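Multiple structures are listed underneath, in structure tokens.
Next come two complexes, and both contain chain A; in the first it sits with chain B, in the second with chain C.
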Partner chain A sequence: MHFFQDPQFGNRIITLMAAFVLVLQIAMVGQRWLVTNIRVFAAQSFLLAGIANTIAYFNHAPHLYIAAFLTFTLKAVALPIVLERLVKRIDIGQEIAPLVNVPLSLLISGGLTTVGYVVAASFHRPEETMSAANLSVANLGHNTLAVAVSLFLIGFYMMITRRKAIMQVLALLSLENGLFLAAISLTYGMPLIVELGIFFDLLVAVMVLGILVYRIQETFDSMDVSKLSRLRG
Partner chain B sequence: MNPGIVLFAILAIPLAAGALSFAARRRRTMEAINLCAFVALLGCAVLLASQVLHAGSVSMWNGFLAADSLSALMVLLTAFVALACSVYAVGYFREDEQNHVFEADVLGAVTISSLRRYYSLTPLFVFAMLLVALANNLGVMWVAIEATTLASVFLISFYGRATSIEAAWKYAMIGGVGLSMALFGTILTYYSAHRVLETETLAGLNWSVLVTNAAQFEKTTMRLAFILILLGYGTKAGIAPMHTWKPDAYSEAPVPVAAMLAAAVLNCALYGLIRFYVLTTKCLGPQFASQLLIVFGLLSVGVAVPFVLVQRSFRRILAYSSIDHGGIMILGLGFGGALGALGMLLHLTYHSITKPLLFFCAGNVEQHLKSDLFRRAKGGIIHPMPVTGPIFLMGTLAITGTPPFSMFQSEFTILRAGFGTAHLFPAVLLIILLVTIFIGFLVHIAKLVLGADPELPRVDACRWKTYSLIGLASLILVLAFWLPGPLFQLIREAARVAGGQ
Partner chain C sequence: MNIILATLAQLLLFLIIAPLVTGVIRTMKARFQTRRGSPIWQPYRDLHKLLRKDMVIPDTASWLFSATPYVVFLTAAMVGLMIPMVAADAPLSLFGGVLAVVYLLALGRFFLALGGLDTGSSFGGLGSSREMTISAIAEPAMMVAIFTVAIAANSTNLSEVAKSAVGQSWRFLAPSQMLAFGAMFIVLIAETGRIPVDNPATHLELTMIHEAMILEYSGPYLALIEWGASLKQLVLMTLLVNTFFPFGLSPAWNAQGVAIGLAFYLIKIAIICCLIVMVETTNAKMRLFRVPELLAVAFILGALALISTFLF
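For the complex of A and B:
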């Protein structure tokens, strides 16, 4: 079982999982149902925890195990459950009704992925990876960083085009997923205390936004944020 | 005594105050807890400032918390604004209660729970802002800035009106996206430093470590990182074109909260920006960051102009004034040179003292008129409000940079920095824009304050409100003619840090 020690093998697994993460992000853009979207997000976070675990194992970065564990419990289990409960509780219409239709959105997501690759290419320096004996950060970074930037951009795009308040929260979370991927692929994650702080903030943010979504639904009798347009000038 | 203990005290006081207020059952208890805590906090902040002036920087827990002169200045200003707001808040919320603002107020339960929300979230909000200034680690600093957003969302939606929920939603969402960009920038900074420092420990993101090695950072990455940081923390500071949350949040939040957003959160966001600006300048030279800052600064001042000129609400006009001043400060930093950073920090200091006064005046007028629209005044509010009226006018003159008030001095310093570093066009444009804003602002407020008697009932404003108003106004008058030596010393030291020297 020597390939379990081979960094190249780890690299391929990571790239494969990162590709799936990207596929799930684009699936979120194409998906019309709210609950399905939450589950897609959960699956994406699960894969992300897998990537963190793999990097921790192959690149000997033990603190990433903690980050992976937190990603799994928080983003893949806890937050999706909270969000689904919120959806059930306020009993909103399930369909998302995006501002831009699905085929065009998919096309734009494809374009944004290309942009992600172009941005990530500027970080790629093959000469450095040749000189380093084992797998360097830059080498690991290239493909996953491209995926990370794409996740970030597509998350951004979803925030702009989704009208349901809860979908915007979900888009913000998937955007955060992109950041996490960037952090683990570039530098094997942030220092542990920063990572913990970010997770704590994320948890509080979802609670705060959840309450706010609930208040919006109560006050406006709708989750359509385009109705939030009284304040002008 | 361990000098670091004061850092611990500064963070512990507001946390304890928040917890105690949450447990308190009576309004008077909560008010007392907040007032005492912020008085103690200001004392600690002064102590920290004097320590920093005498002994250089102070640090604690292996440099996890650290304060140089720039942090000490920020802590001092935050503590000052928090105290001023907490004094005003006592009178403000008592009058709110008399006006029956809190809905369904039969048994007083709603009032108490609303007030508890204010009095326990505000210390947490202040705690987060203090942590921003004291955290040495740039990642922890980001966490703290995000925490300021989270702590203040429910303060903005305090009144529970449809419009205040809208404002809170925009604030949380735009802030969230902006800060995620800032986090990306922080990650990229860590990455560009990663090869040089080769550490995966906490120290890898410590500013005090980074700043000594910044010259060897990876240049392409650092460039991208600074753009993201500028967009991210710029959103938090309300720099155009990411300013759209600002007028809504400032006009919907209770007045003490709005004053804290305008005078303290703005500082925190700019503080984050300064830290990265220093790293970027050391890595890439002054040119790159300067140009970006000048463009965004001018844009902010420019965006504020039309909205100030045609404004209908005296709360929103203050928000646009805050966008304008954020722009001026960024311009000062961008002009660079020996004077640029000094001008910026002087401006920041004076702004933090003057802006709360304007918000307090606007709050008094709003509570009297039950509206924040100019046209509801129907005459000069100087007649029914003989204290607030003149002070409002004086505050307006002070904030628009009229001599002899001290903001004239800081704006003048920034302009001198601009001319001194051959940024002729931006400096001239800044003068034109500032004059336009001065005219627009003054005309609006003069119309509101002066004029025929509207025959409104005369009010004797609650004494807490009057205390804070007169206290701040006299401080501004004193500062116009005399800046205490140690404070100027502190600002100059801080400017040295911000200028990267």
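For the complex of A and C:
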């Protein structure tokens, strides 16, 4: 199949998947149900692993396969399972209660995406990469930087506006997805050891946060972090 | 001469296919829910029956009540002539193409809402206010989505849009196209009163929108409105398939090209019908106050599509 060798085709596929990652991020902002939110995050991580695989294939960067595999097993399978079990165990209300209502949040995240594009546009230098023979391979994945920047911004926004601690964990994870996307789209992956470090760091962070969320729930009978300002013996 | 023939052919095709599409969707939906359902030509029978019946016009109704069915029907038919259907050249092209399409549809909707208000019944006013609430958000979403395609084609003329897309392989894989398609699909569902937004199968329910506005209509007027509604549905579906997937559009109006174009067209419409039926059977109707959220999603998708045309 000739188009499997064609970097133009690879570029299309990567951009398309990046667009879907962005759509899923916005879906997370718009979604009201906790469990659905976790599943949307799993789907997003799955697509991210797909992007890493595609970049690895078209760029001949074999270490990215390992990063893709780790993204898939940890973020698309393991963490969602851990989080869903946590939700089941602490038996909280399913509906998330954001501080800002949903349509407005959607509009704000649309605005943040625009900011992301504007910021990323200043890194985009097509005239420099054009000089390399027919750009394609060198430019592969570069245009996903805008999506990555929008992912962090929306991730930050979700962390700020969500009351429930578990949603904030999810927002942190999606923010990290943005970081990973930026890393693979700009540099075809950080050195493997750094990525391994980040993955295990993340895994431990989620475990710790999970325990913390459980304790918050036990102590305050709620996961609303705005109640944490009260002292209680 | 040729242009007159083309106009007549496209008008006839639209008028004939529109009730059929409504019938096909209804039957498919029934089969999905393991019911037998009515035959697919049931809408023709309904129209035939309604056209022969007498009308009852409320005492309080003014001329607006009688003008509305004609306006609704004629705007839908006129929009049908401005969209490429089986050939890339649409027979009619008025002031700015896409803009005229959007505003002619808005004109029909405006009159329908007025007709609902005119009789002074509380149901009519309810339906009109809901319809206007929904369309106030659906309309910008639709415009943003169509502009995305228009920018890619450098023209707001729908024939030009369809022509520019021919021969660009992988074009529909571009993120802007996919996002705009998603936005347009949600708008299609909202504008045709399909399930997450409105239930087309109910006649008396507090949540109805379209049915509430036309509750006072009967006989030939009702036939015109129903026919106009199915025309509008087909027009929007055509707009969706032919701007995003213009495969098989005939470059000129000749017998062979039109035959092939028609075959492709029917296949594409059938696929869209399947999609609509799947959405309708797998979703529950939304609470009215949640509908703006769905449409906000459509608007954001459209806006993202527009942004990404400039960058990707």
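Odds and ends about this structure:
Definition applied: the second predicted complex is superposed on the first by the 222 of 233 C-alpha atoms of A that agree within 3 Å, B and C clash if a C-alpha of one lies under 4 Å from a C-alpha of the other, contacts with A are read in each partner's own complex, and residues count from 1 in each chain.
In this section, contacts are C-beta pairs under 8 Å (C-beta built on N, C-alpha and C of every residue); 3 or more make two chains touch, one makes a residue touch a chain.
No experiment lies behind these values; they were computed from the predicted model shown.
On the superposed chain A, the positions of chain B and chain C stay apart, so the two partners fit side by side. Once the two complexes are overlaid on the shared chain, A:200 sits against chain B while remaining clear of chain C.
Measuring from the middle, so to speak, at the Cα centre of chain A, the directions to chain B and chain C differ by 150 degrees in steps of 10.
In the superposition on chain A, A:114 makes contact with chain C only, not with chain B. Touch counts on chain A: comparing chain C and chain B, the chain ahead is B. In the superposed model, A:23 lies in contact with chain C only, and not with chain B.
By the touch criterion defined above, A:176 lies against chain B but remains apart from chain C after alignment on the C-alpha atoms of chain A.
Of all C-alpha pairs spanning chain B and chain C in the superposed arrangement, the closest lie 19 Å apart. Residue overlap on chain A between the chain B contacts of one complex and the chain C contacts of the other is empty.
Here chain A touches chain C in the complex through residues 9, 12-13, 15-16, 18-20, 22-23, 26-27, 30, 102-103, 106-107, 109-110, 113-114, 117, 120-121, 124, 143, 146, going by the rule given at the top. Those residues of chain A that touch chain B in the shared complex are 61, 63, 119, 122-123, 137, 152, 156, 159, 165, 168, 172, 175-176, 179, 182-183, 186-188, 190-194, 197-198, 200-201, 204-205, 208-209, 211-212, 215-216, 219-220, 225, 228-231, 233. Against chain A, in their complex, chain B makes its touches with residues 137, 139-140, 142-143, 146-147, 150, 153-154, 157, 160, 162-163, 165-170, 172-173, 176-177, 180, 183-184, 186-188, 190-191, 194, 200-202, 204-205, 220-221, 224, 247-248, 251-252, 307, 310-313, 316. Chain C makes touch with chain A in their complex at residues 170, 173-175, 178-179, 182, 292-293, 296-297, 299-301, 303-304, 307-308, 310-312.
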